[in-house]
Amino acid sequence: MSILVDDSTRVVVQGITGRAGSFHARACLDYGTRIVAGVTPGRGGQKLDERVPIFDSVAEAKQATGCNASLIFVPASGAADAILEAAASDIDLIVCITEGIPTLDMVRVRRCLEDKKTRLIGPNCPGVITPGQCKIGIMPGYIHQPGPVGIVSRSGTLTYEAVWQLSQRGIGQSSCVGIGGDPVHGLGLQEVVEMFDRDPATKAILVIGEIGGCEEQDAATFWKTSSRKPTAAFLAGATAPAGRRMGHAGAVITGAAGTVEAKIAAFDKVGISVILSPAEIGEAISKVMAAAVS
Amino acid sequence: MSILVDDSTRVVVQGITGRAGSFHARACLDYGTRIVAGVTPGRGGQKLDERVPIFDSVAEAKQATGCNASLIFVPASGAADAILEAAASDIDLIVCITEGIPTLDMVRVRRCLEDKKTRLIGPNCPGVITPGQCKIGIMPGYIHQPGPVGIVSRSGTLTYEAVWQLSQRGIGQSSCVGIGGDPVHGLGLQEVVEMFDRDPATKAILVIGEIGGCEEQDAATFWKTSSRKPTAAFLAGATAPAGRRMGHAGAVITGAAGTVEAKIAAFDKVGISVILSPAEIGEAISKVMAAAVS
Amino acid sequence: MNLFEYQARGLLGRYGLPIPPGDVATRPEEARQIAEGLSKGPFVVKAQILAGGRGKGHFRSGFAGGVHLCSYPAEVEEVARAMLGGVLVTAQTGPEGRPVNKVLVAEAPQISRELYLAILIDRGRRRSVVVGSAQGGVDIEEVARESPGEIHRIWVDPQVGFWPYQARTLAACMGLCGSLLPQTADLIVRLYRFFCECDASLAEINPLAVIENEKIAVIDAKIGLDENALFRHPEVATYRNEVVEDGREAEALKAGLNYVGLSGEIGCMVNGAGLAMATMDILHRYGGEPANFLDVGGGADQNQVTKAFGILMADPKVRAIFVHIFGGIMRCDVIARGIVEAVTHTKPKVPIVVRLQGTNFEEGKAILHQSGLPIRTADDLADAAQKAVAAAAETR
Amino acid sequence: MNLFEYQARGLLGRYGLPIPPGDVATRPEEARQIAEGLSKGPFVVKAQILAGGRGKGHFRSGFAGGVHLCSYPAEVEEVARAMLGGVLVTAQTGPEGRPVNKVLVAEAPQISRELYLAILIDRGRRRSVVVGSAQGGVDIEEVARESPGEIHRIWVDPQVGFWPYQARTLAACMGLCGSLLPQTADLIVRLYRFFCECDASLAEINPLAVIENEKIAVIDAKIGLDENALFRHPEVATYRNEVVEDGREAEALKAGLNYVGLSGEIGCMVNGAGLAMATMDILHRYGGEPANFLDVGGGADQNQVTKAFGILMADPKVRAIFVHIFGGIMRCDVIARGIVEAVTHTKPKVPIVVRLQGTNFEEGKAILHQSGLPIRTADDLADAAQKAVAAAAETR
């Protein structure tokens, strides 16, 4: 059990002939992910490594292979179009790794997706993994192990650090979802938390947030009104200076809601323990799980 | 009884301080139409002829006067905006007289109206009149008289000619609707025909079509599947030269549907008598009504 | 407003569509110079008129064909000389043909495949539609009739817009693959951007061609612009002056009148397009032929009536004038005064039949009668039309 | 990317927004000439820095205020001389202030009312929002806190777009009527068009002012552009070179690194923005202060690692370097080789602490150890951070 992806997920890689696309398609294949197709317009009929058929469009790929998830490596200027192409073919899950997509493109994309059942993860994210079953993204697969903790994160490498700390302690993960750091993106913290809440395999939830936006507060609102699983959270950027862009476009402080203090306050209110040091993530999860058992 | 408008209709005139707007607002008032408000941005607080209050926006006009229909004389460059403003205030019926609105503006307007219950008549049309009750448009009111014939027309002055011929013979009209001559407009021939079909006061229907498009065929499709009232039709443009069109793209979409011959054939198929001379419109209506009675 | 091919090339070029190099010439020597400036032959010389069927047309002079392939610049000059100043008659021009004042000289690449591409407004669905076919360079209407499956359409939701993936889908339907697929998709996206940004009513590329080295290119383009939107495109509105071929139409344009020249002998002046068409129809029924379509609009004033008269009377074909006004906003007494003034000043040599109906028609008729001018009036439409046809027959 | 006020004026001017005339000067004499060229005084001289609070700021020289009203061109020159080349400290610049290399000289119209207008992206609702208030020229966040009813917002459905009637509604909410209503609505529509066409992330006009003769005017404008969209705006991308005030940031930009200079003493090099922020947080916990934020990204190569080292070491504040890499795509052995090479070549005089974790971390650590260079390594994050803080303390 898991959320979003498992060993039955059939993946098409959009932009499979690019440098990043081919590299990560191979890494996913090596992990055991069912990469059943690739798409690069004008390269239809070719194959990646003589095993993954390449098509001119997602529609053709879906018709030929029945793919139901897409992994996007298309460059920023064409990424919005790639997302909409996958959505037009009613792909269930789209994971967009591409970084640098203009915000107004994402505004249009999200508006179009409102009318669809397609789910989008990202862009500018590491992707999603269900350890031992399916990796759709760029995270190092080997640091993960199957287990009870669902991780949702706005960050990339910081999530790897958290996973590492968990796996070092022998605590595995049900699924790990990096939702991406752009101002306008697909699934939000709250939506993923809700999925973990419904997933029987997930026994505890780790939330990795950061400064900017108010997704952490939205998630807190959810907990306020629902029964919930043991949860811990880490929030990066407590010491980031106000008003200076720190890499993720999403990390610009946009008002009081964006500060770590405001987010900690929101979590405190609903009784979520906020981890104060990034070195103590593994330990904190052990504690909340132990507390839940006792 | 009538369609679309009657003596309870409360009208706001958008662009009431312009030359055409003030002229026709007065003409409608003289006819007995309940013109309850006008709109000209920046002129809010003034009055037309010390009797019609002017507002800065349709929203304010609606709040203050409860208007439920709008008559638009705003110049072409701002007319699409004026239509959407009225629709945003949930005005039930919009009659847009303005001619010369860019087609792509109307494409956007129609798309926006799909999500609304607001009905649009026009643009580039004479408007709608229910004789003796309410005139929302620029037609000469005095040529009309109350009675049993519903008229729907794609033309302006040709409709006046038809009304004249009817009234001369003592045949009155339930309502007359000029749907406008632009490629993309509001209510279509078929929709108005359906309204007349449902209106108990309408005993016979006169359709005035012309070359181009395929609205006449759409109306014919309706008759094919529904019981119907005595109906006659005149189609202008039988001898118009095939036009100076250069490309063939139009014909790829609509085929030969735009010709009068094709329209006559469609009407013939469903047994609608097509009037061959524009001088015989009144006579033809007398005949179909007499045939229905006997 | 339809554009000449050379204007269409200019506009599409601004949007980055691939078009074989070339330019327009008004003199034969200029045509040769253009050819000399191009990097390679063969060259194509194309008569610039606003009508199709040029290739199979012929000049009044006897010279055959409005489109010629030439191998050398000297040949280009020769062909241009035969075309310029001539009158080209094609299946679409009618027997009177069209004057050729400009020729286009362009490189004529080797074509390996001809495709069809167009964008236009679908009135029925109220949105624009992008149309593509692997069957280009031919009569597309025939393709639509004979093998409708060969015509592919993508309707564009104006709220969502047209995205590159849709262009790729269409390009694939048009049989394109390999590097031609993204190339063509890019071209379609650019054509759509042009269509929207310039408020076009039609953008048709036929043929769209696959040329040497697997490149895609625009070989011929027909563009129509929405006249209602010219106010927001001052840069293309200037094309307007260049595209009016008919002198009478140019006059009417200046006076703000909607005029189309025809080949009959009864000059018509009507208010409203529908009534104007109905008037033409009824003249036909009684054996008459209109010399024109002229809609003076709903709010025409005395001045416009005078100008309209001037245009009708300047037409040597006109043997009778038929004025048909249904007064709504326009009062018949005002129109009657305009007619009296125009007739008094211009003293037409052909009979005039007037039907006034609607607002103040009694007063209007009285003004006409009291003027003492030789104006024939009629009350109903059938009577008026018969009188107009009879009047034209008298002077024959 | 935030723009200088004079750049913002230039861009908004292209979209037809009403802006009092003026220009930017780099020399005092130039400032005077600009004032002489303007039709009337008084004039305003404004220091051009990328931070707010200029009016209440002060120069290191002691000169007070980054915004001055002047009556005569000579006074303009005097004020410009006091500002140019100086360092302006405001509530938003931090104690180090910002260098003033340019001043804006403009007409200063009589202001009768100050309003607020802005367009930005609302992340929560995932669309742009147009914000207006009758309370302008003040701290808008305070207005939002104290009297939220005074802030009016219109969220724009990207599929429907922003229509003039919505602009009129907002203008009316801002308390405008009479001829100011359509004028302001027009300004808002133009600002929205700018926002979309130029891919802005923020367009804030504060104050928007009612000036003489009931005209509306842009008195100050703050514009942020979406860096991700600069690829499609080559014309504004060139502004990029002008807006980097910090030399280290300029270096980093060239190397494709994401760098923000801070005031601490531990030079940080981390892969990933979230991990970089967490690294800063943990240094803080152990009493350290980062000298910078530096994210080398997910796919940095040996070359970028070398360049990043160069930037860290060029900073005189840096007393220790902390390299923190979690290898995912990036292999730790590659990073280790980059570090060894950089250290070998640049011979830093400050201690270096490295934590490598993730892909090939064992191999990476081995490379560092075998190099014999004075590099301190650590396994877990807490240990590494403590070592880095201690290292910085040593050299104090």
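Residue numbering begins at 1 within each chain, and the chains themselves are lettered A, B, C and D in the order written.
Going forward, contacts are C-beta pairs under 8 Å (C-beta built on N, C-alpha and C of every residue); 3 or more make two chains touch, one makes a residue touch a chain.
Being a predicted model, the structure only gives us computed values, none of them experimental.
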Between chain A and chain B, what's the gap in Å when you average each chain's C-alpha atoms?
-> 54
Measure off the straight-line distance from the CA centroid of chain A to the CA centroid of chain D, and report it in whole Å.
-> 28
Among chain D residues, those touching two or more other chains are 159-160
Overlap residues in chain A, where contacts from two or more other chains coincide = 108, 112
What kind of graph do the touching chains make: line, ring, star, complete, other?
-> other
Give the pairs of chains that touch; include all such pairs.
-> A-C, A-D, B-C, B-D, C-D
Flag every residue of chain C that touches chain A in the complex, lowest number first.
-> 160-161, 163-165, 168-169, 172, 177-182, 185
Please give the residue numbers of chain C that touch chain B in the complex, ascending.
-> 2, 50-52, 92, 118-124, 126-129, 131, 139-141, 144-145, 151, 153, 157-159, 196, 199, 201-202, 204, 206, 222, 224, 226, 228-229, 231-232, 260, 262, 270-275, 277-285, 290, 293, 298-299, 326-329, 357-359, 380-382, 385
Of all residues in chain D, those that touch chain C in their complex | 159-160
Residue positions on chain A within touch of chain D in the complex are 20, 23-24, 76-77, 100-108, 110-112, 126, 138-140, 142-143, 153-161, 164, 181, 183-184, 208, 210-211, 213-214, 218, 234, 236-241, 243-251, 254-255, 276-280
Which positions of chain A touch chain C when the two form their complex?
-> 41-42, 44-45, 56-60, 78, 81-82, 84-85, 88, 108, 112
